[in-house]
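Sharing a structure below in structure tokens format, with a few things to ask.
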Amino acid sequence: MGVRRRLYEALAPEARAPGTGLSKTNLAIVALVLVSFLFLALETEPVMTAQPVWQQTFAIFNISVIAIFAVEYLLRVWTAGEDPQYRGLSGRWRYITRFYSLADLAAFLPELIVMVTGAGTSLLVLRVLRLARLVKIARFIPAFEALGAAMKRASSLLYTSLALAITLVYVAAVLLYFVEGIGGNQQDAFSSIPRAVWWAVATLTTVGYGDVYPVTALGRFCAGIIAIAGIGVVALPAGVFASAFSDELRERELAKLKQELDDVRSEETGQ
Amino acid sequence: MGVRRRLYEALAPEARAPGTGLSKTNLAIVALVLVSFLFLALETEPVMTAQPVWQQTFAIFNISVIAIFAVEYLLRVWTAGEDPQYRGLSGRWRYITRFYSLADLAAFLPELIVMVTGAGTSLLVLRVLRLARLVKIARFIPAFEALGAAMKRASSLLYTSLALAITLVYVAAVLLYFVEGIGGNQQDAFSSIPRAVWWAVATLTTVGYGDVYPVTALGRFCAGIIAIAGIGVVALPAGVFASAFSDELRERELAKLKQELDDVRSEETGQ
Amino acid sequence: MGVRRRLYEALAPEARAPGTGLSKTNLAIVALVLVSFLFLALETEPVMTAQPVWQQTFAIFNISVIAIFAVEYLLRVWTAGEDPQYRGLSGRWRYITRFYSLADLAAFLPELIVMVTGAGTSLLVLRVLRLARLVKIARFIPAFEALGAAMKRASSLLYTSLALAITLVYVAAVLLYFVEGIGGNQQDAFSSIPRAVWWAVATLTTVGYGDVYPVTALGRFCAGIIAIAGIGVVALPAGVFASAFSDELRERELAKLKQELDDVRSEETGQ
Amino acid sequence: MGVRRRLYEALAPEARAPGTGLSKTNLAIVALVLVSFLFLALETEPVMTAQPVWQQTFAIFNISVIAIFAVEYLLRVWTAGEDPQYRGLSGRWRYITRFYSLADLAAFLPELIVMVTGAGTSLLVLRVLRLARLVKIARFIPAFEALGAAMKRASSLLYTSLALAITLVYVAAVLLYFVEGIGGNQQDAFSSIPRAVWWAVATLTTVGYGDVYPVTALGRFCAGIIAIAGIGVVALPAGVFASAFSDELRERELAKLKQELDDVRSEETGQ
């Protein structure tokens, strides 16, 4: 077995039999991505960036990660030839323009360019592109694929409940704007509908930061009615999605178990 | 086909075969209503009304919308004659006094009158009437009709759970009024039962703004018990409605699919 | 038909055929109780008690309500004789010592005594006894009876989930007490476990007033983990009760419909 | 029946027939553990420790509890010999190294050592070990065992929904860090991603303390979208666990009832 074949099997998730889990190389990549997210967070913390030791650690870590992901990308492109559908120049082009391959590229190229050209000031915005590394993990976790399926499955229910939730938020905001902003004496928090929308979202999702709330008796009466009547309705879209997602996952697990059972049975029959 | 017929088909949702979606004219009206809601919100924002450019934009937009909705209304009344049940003078009267037609009228007439007579100061209150435009959209979205059906379907459960929720809020308020308002030293927030009701609603819906909360040990003990025991109960009516609404939507979708299947089958049999 | 019989049918809910609803007298009593709760709330509001007009209104209303409930009580005791099981002196005694009759008594007697003897200062605490009027309504609403049945039905699940919720609150409080109160610098909010329990309840029920929250990095980390992991668990008892209550209501409605159907059928067979 | 046998039956939960509940000795131990938790909480309250009376009460109570649990531990080890599998020296060793026996030891030994050696200053940290007493109760409550079973039953769904929730929290934090921390003027609350994570957790769990919230228009817009879309998703893991736990409990109860029914039947057949 050539080097390319062995590398292909270590890198490509589709090279492995289903149910055998991730290869060690891919596990390491997942771990590296998770650590890179942790470092992305720590890197923005003034308490840490104030210490030269951490600054250096961040710099070294970032360069290492970019180097590793660059090498990984090149190896993936090279070894893709093991898969018949990606053979030849046009096959490679098809591989490179896949969504996953583009995400692999976005995971290191922008920062690499900035690093080489030395345009350090705009680096901040580029960091967001590191979120593309999420896709690197998503590829290995079948459940993340279930996200899209869950949204599709419940799409009609999802859109309707979302429309209802937004309507309720809007109507609540208009109501409180007239009662508190015009009728009351809250010149700032309810002084316009967009500001009242902020209150309505915070209230109807039950977050309730407490930066904005009605103070007049009538405003509180309306807000109380809205809160009791509307909470479940605004939570509806997220609840619909959550339930569709958990249904989808359960079904996939069932299908996987069935598949494994069938495999075992057909093996037994074959003997 | 005459002009009136073509206009009728462009305007009346019932003129189209089920499952073919909205006509382009109606899609434009829905979009216009949504934009008019966005502008209604922006119009109240002091930051925007301070700029003459936006003031002019709002004025022009409002006049245009009122003009368009006026023309739309007249056309709808004129073309209603295409429908046999609205033919003749008495038919038109029946059409005009329909709920949807009245909402169409409320969507532009009050503001038009104010604009023509120049009574600009009371314009503010008239803006709430723009919420009647919601009905303009609701007509095209069958799901909004499901709202009423969902409330009817769960009505008995809804009223009972609402009564239970309100009872709980009231009892919690009375309890905390005695413990915190009379027994404690919170002279303002818990100084009367109506004020304590505001606390009870904010707590039992888990909004928790943080403008009012018990400070004595006994008050916190009672509030803790109430919070753990009562949260699900106060969320019950909204949850009952949300679940009835999503059941209703699912059933309607199923009925629609069945209808389409039957149509296909009867067509096949007919051939 | 004698006066007593007619009064009995107007007062006793068990005198009427099922499904015929409340008598007009009882509807009036329910309305009076609801209004008395509204007035109980308003009576404690300093803004209203400051006005002599309202003070007088409250006084007149309270005297009227007490008089009406006293008369109602006497009539109920008198007419109870129409029911064979409450006939005679020992029957009356059995009637008077029923839970519902005692609540009827508690709804007016304490305040009547205070009013007659003129011991006005302790009147405040007696007002809580007006909550006994809740029982006056509960008698007419079969759903309130379902409350107890729902608690019984889910009792084992309810106690276990309650125990789990309380354990979680306690462990979270102990953890944050050590991390924030001892390790951090929050001398007040987390300075003892009972105070940390207040934080834990407010957080795990998602009320989150914002009067107490961790400020150290470690405290926030722990609080975040606790919040994500624990929210559903603390909401479990209330959710279990809410679902048992709605199941109970649905079953009762079904049973009532079945009963009515059987009645119709047996009538048809009888003819 | 010897003393050891009688003590064994009073102490070991497995010595009693299923369905007969706890022995009086064990009920007393459960009560003592619950009271010791209450005292652990009160002991940290400055208001109480300031009074010499309470200080003495706490000291006496703690010494008593430690003495009782020490005696209980020794008796348990001694009487374990009644169970064939724990007979002899190696049997006792097996008994002592059980999880439950180690928890019994941790419930008093550390504090006993500190008390004897007089190293009073570090006593504070040792108090956390008192949480080991939770295990003392857990042994008697079969439902606590169901916790682990529920987690296992829903493990795959639990991990996936947890991963999704954490991803959402992270992405929300990164987004708000860029919008509010870099783009806005909130130098403190959103000045780094870890700080923004604190906001994201408080918002997506709907706790919403109100110590951190976006103030710019764009930040509030993003926060509103995140709140409406994400609330159900972050509540998913806790909801999944809660539902698995309640399913597990229901099944166990059913299995217990079935077992009892079978016992009754086999007894009847045997007669």
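Going by the order they are written in, the chains are A, B, C and D; count residues from 1 in each one.
By our rule, a residue touches a chain if its C-beta (ideal position, glycine included) is under 8 Å from a C-beta of that chain, and two chains touch if they have at least 3 such contacts.
All figures in this text were calculated on a predicted structure; none of them were measured in a lab.
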Interface with more contacting C-beta pairs, comparing B-D to A-B: A-B
Chain copies touching (subunit C, subunit D) - same or different residues, decided at half shared: different
Computed distance of Cα centres, subunit D from subunit B, in Å: 45
Geometric centre distance via CA averages, subunit B-subunit A, whole Å: 32
Multi-chain contact residues (two or more partners), subunit D: 194, 197, 206-210, 235, 239-240
Chain contact topology (line, ring, star, complete or other): complete
Interfacial residue positions of subunit D with respect to subunit B in the complex: 206, 208-210
Subunit C residues touching subunit D - in the complex, by the definition given at the top: 156-157, 160-161, 163-164, 167, 170-171, 173-174, 177-178, 181-182, 191-195, 197, 203, 206-210, 213, 217, 220, 223-224, 227-233, 235-236, 239-240
Touch list for subunit C against partner subunit B, complex: 37, 40-42, 44-47, 124-125, 128, 131, 134, 141, 143-144, 146-147, 162, 165-166, 169, 194, 197-198, 201-202, 205-211, 234-235, 237-242, 245-246, 249-250, 253
